[in-house]
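One chain, chain A, links the two complexes that follow: it is found with chain B in the first and with chain C in the second.
Right after this comes the complex of A and B.
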């Protein structure tokens, strides 16, 4: 095997020739090579020199544990994990390299903490799935072993290796080894870090006074936590203020709203601001600064209120889908209504009415059309004005339609009811019963394919015996026959679309999903959290939900806030920028480049007995993006945990010659 | 058997069930500084979820999501776990509860067992592994499965040959053949019922003839076949180990059917069948995969898009109710469908070599018999409060997850958080009232 030195140091030594076949020699040569690399690195740059010095100081005690996960077979079906372990073991400083079926499992984590204790490890690498899933898990395991959790490196050999290169096992194995080698390189240059501790303001801001916001607020207040509840309307309750009976309890929506509003009203821990809007949000978990603008009184005067809160619950809800003009003749024909409009109509009719009269006409038959504005398909449906298709299911319309259809048949048995659906999604507890009852009550069901939605037309004059609107469907229940039904009224089963909170999304840097709703970090691991720490999601701001689901989601958001407030201070990752005051000249290029308001500023301070201007980092606001590092002409700012010399070491780790039992080209081929 | 917990231990809350709902509730309470006891009747926490291969709609491996929660609960300073333990009864007075527990003998002293598995390796009695749905074998004394918590050996008395080998090889003397069931009463202020679900039998509909063919399988069996660390490491049909080439998924095979007493929708079957179909088409690229359904209920976040992707991948969706399934030659099955899609041959039998029946979810435990918690007509825990979906009929007792009706993992986790929130509020108010007095 020939070793070609490609390290661009200041010295160019002769390439070192190594012979293959004697593993012992390979290893020895590799160690020599590593020492040589470190020496050249030390000459290359001053920061690397410091690092290399640290490395030399650390080296005698450096004992790295490497844990390679099979992930069931997700990794090991492609990557030869045993060979990875075997090879990695030969890298200097590696005290142990082990393979485990699931390193994230309890026995896997135990192995790590036990090895730290009994094998005196001082650095740990886990090569498994994305750090997004389990970096925190392994930091915890490392901490339980008594080691600083930031002397740990995570290597993603699943998403970045086994899944990406499933048709190239040899290349994948080689890449896994190199990525671990990079992590080991970095670990030679890391120092223990401590989490940043910041004071925690034990008060939550709940944005939105619909049922999600009311529930989250009353849950937190009931637990002794102060809440500021901000509602844009002049009344609490949200959409349910305009609703009839709710399924499956069939209780009045007013009753449900009143229950929640009373719970909020009773609790002295909650301050409610109506007709109010959150104008600005700044700060960070435990310390958000918010400005709220309220319209007060009849004269429309605005009042401003500033508050500091520790957590923000987004209970901003949804908007009902409004069909486009002419969509299924909506706004063209007055007898085409949306589902909420129909619910209003039913509410407005007196209990003893024998007939359903609308626009002074007796309604003899009604059609309900499912999935209007939901489950939209590319090429079939017109995108909204913002260019988006609502490809998701709105979750609540099927049961609401059946509830209304059943109500019509029960109250006005003479009215014929026709239901046009793709699928009936009465999935929830007590919901299937509406379907069964509606069928029994004589609702006639037609089924269309999503690709061919029914056509709605004005019935040609002279044929309008059954009604002014004709609905033509290719009915899957009768083997695709084309059927036309004439009706007096058409109810469009409109669903939910995201709320209009663009200003908050931009200010708070929230992520939205493909569906336009607020996006959680992970649907199962962190279902109510977003990437911004301390901001939580409650209810339909996150996606369509029914009432029970919304209330549960609000509770889930509240419990996360309650857990957050259980400690005196909030702890943040230490990956923030740090200024080297001996190099900083106060030019403020970093401040200009910084995207996070308040994270970097120039302040007067005393350095070596002189009053000078220097950059200062606010650790709570710094997102650790590194933009400042890139622009500083004096290399005076760097990121803790991701320093430039650490990156250099990783690159060297990737490029380093890797010892191994085979000399084939596969070991050095990186795909 | 864990004997370290006794009646002197009075946790703030006791959680019935260590599945995903119970674990999430436990973590959400413990993170608030409350002491929690999780009681699990199986030998490991993790519930049904830990046995799944991958989960929709993200296709994350289920272990990758479950094991960290299991581990977080096991390591939490505020959480204690009792496995192999059943709740016999709950007596409530003045909003406080006495929970009578029965710890079943495991014949292994958990204080001494170090999980080295020497007993398991030495044991020469094997029986079909319940964790692998009977497809693999497990020793009579064994750690329940690879990522089980706790990692303690448990002896299955029904299969033990009483040869004594395990006791001889155990380096710590942990084997105790004379262990007896232990009764234990725990006093606590709040209880969360997270007792989960079970599935009705694949044989529940005699016209599907599941008792006559091993190639008519339960979805959980297919989960194990699809799991990378499953019994065979690949998908083979049970009767003859053949790689299936034509697989049928029969939806609503144990739900939405008044004739079997399950009129409701089980809520998860559409999505897991679509997921399994997708995984199968990855594992067996040449296989034909057909899903027979009445309605596809892809209602959750990202679910409809998942369904559309499956259609685009070439999975056949046939709208029609399966009437009968008959075993035919070669271990194959004839599936007779009342299809709504072809007028000419609506009842023509279609041949498949593996059939998966989407079973219905039924309650895992009936607390109404032994506790003040009432159940609704569907058998699941009743939640009559209009604005508190996790409150039961008993003050201080809450419910989370599928104990209150079928639910997927996402909805279960949200509800578990909500139950923890209700319980912590209850505790807070109860205690502030005490302080006020």
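Right after this comes the complex of A and C.
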């Protein structure tokens, strides 16, 4: 048993070399000091020579390029990126270390592929944002430079460094150096890998037959792609079936729905399943297996259907917020309505009616109250029964309220309309006109502070007579005067809450945001994709949107899905178990740990001219969990891309106080 | 050694749950100490016992295994992982290495509070315990490797043994 030491000349057999990774020092200063030390001792120390020699044997031409991203300040405002580059440049094997404002930009990616060509790099590290955003981007850049993409390692110094250690710049800088040093350690142990190719099933599943699903399905089918459209209700169209006119075009919602339903109906590529629910989803991009339960049969009997699809579009939509019992007297007083209920009421009144009659009473004054169930504040609003507080803005209610208020003033000029808002958010194209027109049409506006919502009471006279309500508000537009308005009807500007798709979220491992809606990979750069490859978002499943935005998102999701079908096969990361035949003895301890049928078995094979039993991995069936790895007494099986020796090297990079120097681990041998 | 002890905490975070969970902490601009180092893993079931002991012997003071728990995407992996960590913990206990240095927990993709709580708890424990006994960890690692090698049925046939496990 021999232990050799890196650079302080301790005796052999000294159990562990303590100066490597010794805790309790000021990290940053220590790193700097050790670099100097390492420089001076590089020649003098015999073990350094051994390490260098071994390093050369392992990979004679190791030339590592390190690219450190400022992320436009997101990283460099906290991490001293220049210092990180200076430091990692000293690590043996690092040929170049560069800082870039956006490595993910075209010029940034070109720098990498050019350096591979002209500086003969054979390993690349990018230290930037989370790997979920740009690991694939940089593997692509590396491949374009002619290198195997798995000789690339990604370091997350934004989400897990600069954003998480904002008030500790020195610590963040030191951590960035260590994490890069760990990645470099891993790269000393990597080998080229080839992606696994599997067939790509050219068929998409669209879940939800509202406008988002209809639009996505017809766009996809228009590109010649087969679509399975599953709708839970017995009719296509979703919430728009219960809507009136839509802003800003003022077309009837039913016409819009009819256009889309006709487009879907005409297209032979689309199979529609009504009264149906997606029960299970498994698999991955190009190869999702789905089971649908359908009641659309002739006699309403439940039918089960299985399908294989390559992509899934989540067009599952929203649920309208339903106020709690007694919230602004909702369900206590019949004259308190939600916005959708009011829209229905307006639709039901005949076109030439001169009066608005509700529950056999003539309505003379209407109040609209904004932000009911949206922009809720802790301590002000009562959480819903599941404990949720909707802190987000539902985005569509302001314009809808103004549209309805204007419609009331236009159709029934004798009705007084009062609008109670925190502020007016008519943000979309053409929406501000509703505000201007409503103002001109005599709608009276009051502004309340979100922490003090208006009080709604039923007047004693109102209780006796016609259900008249009084609304008291501290009005910011009159410098905080407390004003009370009497009305016959109150419309609550209710917004959107997430759809009930918990089963799908769990099965598909989808991420949800703080607001409870499905979360995209990146709000700007990858707005309709989710972290699960092959799954796309269309419309309000992702968060409150108006119709224009919903259709734009659905169109984008359809294009994204279509581009996924451009290839015959899908390529998957080759992260599967691999057997080292020079070590395997066919004992099958690994096989006992595998829970995937057929993924790992003992087979007869010829090794060095002899017929022997050895473990064999079926890459198509191996899930890559690595359960087999730990038990092998010969360490003959490992997980490609995530090998134990790679993790050992990463730990050394983190524990070591000299960046890039492995803590003598390679020099430790047993027996 | 006049400076205060700063423990090195290694977090083995699963790619489907805890790693995005740790990302969510940063995205929410919540902070935790910079001596917490996060490595992405498919499933921590991968690691043999000696990996953990080796990490301690290299100067890692505490290891937080941030897994998926019941959300684990792999069949049976979480149960196997839990059993393996159980065994490691009892071996550490028997060998005299403080078991507070290892912890298996489940962190979901949005479990910001849980992540911060686990990290703070580990950090508190390590400040109380002080630096890891690296020699002891190294002894336990060697014992563990020897035990694993001894589990081989056909010792003499094993070419790998001559060079030893790395």
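In this text, the second predicted complex is superposed on the first by the 462 of 671 C-alpha atoms of A that agree within 3 Å, B and C clash if a C-alpha of one lies under 4 Å from a C-alpha of the other, contacts with A are read in each partner's own complex, and residues count from 1 in each chain.
One rule holds for everything that comes next: contacts are C-beta pairs under 8 Å (C-beta built on N, C-alpha and C of every residue); 3 or more make two chains touch, one makes a residue touch a chain.
Because the structure is a prediction, the values reported are computed rather than measured.
Novice: For A:589, is the partner it touches chain B (first), chain C (second), both, or none of the two (neither)?
Specialist: second
Novice: Name the contact category of A:118: first (chain B only), second (chain C only), both, or neither.
Specialist: In the superposition, A:118 touches no partner, neither chain B nor chain C.
Novice: So, A:611: does it touch chain B (first), chain C (second), both, or neither?
Specialist: neither
Novice: With the two complexes superposed on chain A, say which partner A:514 touches: chain B (first), chain C (second), both, or neither.
Specialist: A:514: touches chain B and chain C.
Novice: Who does A:428 touch here: chain B (first), chain C (second), both, or neither?
Specialist: Once the two structures are laid over each other on A, A:428 reaches chain B alone.
Novice: Return first, second, both or neither, reflecting whether A:134 touches chain B, chain C, both chains, or no partner chain.
Specialist: first
Novice: With the two structures laid over each other on chain A, which partner does A:625 touch: chain B (first), chain C (second), both, or neither?
Specialist: In the superposition, A:625 touches chain C alone.
Novice: Could you give the residue numbers on chain A that contact chain B in one complex and chain C in the other?
Specialist: Common to the two interfaces on chain A: residues 514.
Novice: If you look only at chain C, which of its residues touch chain A in the complex?
Specialist: Listed in rising order, the residues of chain C that touch chain A are 1, 3-8, 10, 16, 20, 22-23, 25-27, 29-35, 37-43, 45-49, 51, 54-55, 57-61, 71, 73-77, 80, 84, 109-110, 131, 134-135, 138-139, 142, 145-146, 148-154, 157-166.
Novice: List the residues on chain B that touch chain A in their complex, please.
Specialist: So the residues of chain B touching chain A come out as 28, 31-33, 55, 57-58, 60-61, 63-65, 67-68, 70-72, 74-75, 115, 146-147, 149-151, 227-229, 233, 256, 263-265, 267, 295-305, 308, 319, 340-343, 346, 378, 380, 386-390, 404-406, 409-411, 413-422, 424-425, 428-429, 432.
Novice: Along chain A, where are the residues that touch chain B in the complex?
Specialist: Chain A residues touching chain B: 70-74, 77, 101-102, 104-110, 129, 133-134, 137, 140, 144, 211, 215, 219, 222-224, 249, 251, 255-256, 259-260, 263, 375, 377, 391-393, 395, 423-433, 436, 447, 476-480, 513-515, 517, 522-525, 527-528, 542-544, 548-549, 551-560, 562-563, 566.
Novice: What residues of chain A sit close enough to touch chain C in their complex?
Specialist: 15-16, 18, 20-27, 130-132, 156, 158-168, 171-172, 174-175, 178-179, 182, 506, 509, 511-512, 514, 531, 575, 582-583, 585, 587, 589, 593, 595-596, 623-627, 629-631, 633-636, 639, 642, 644-645, 647-648, 650-652, 654-656, 663, 665-666, 668-671
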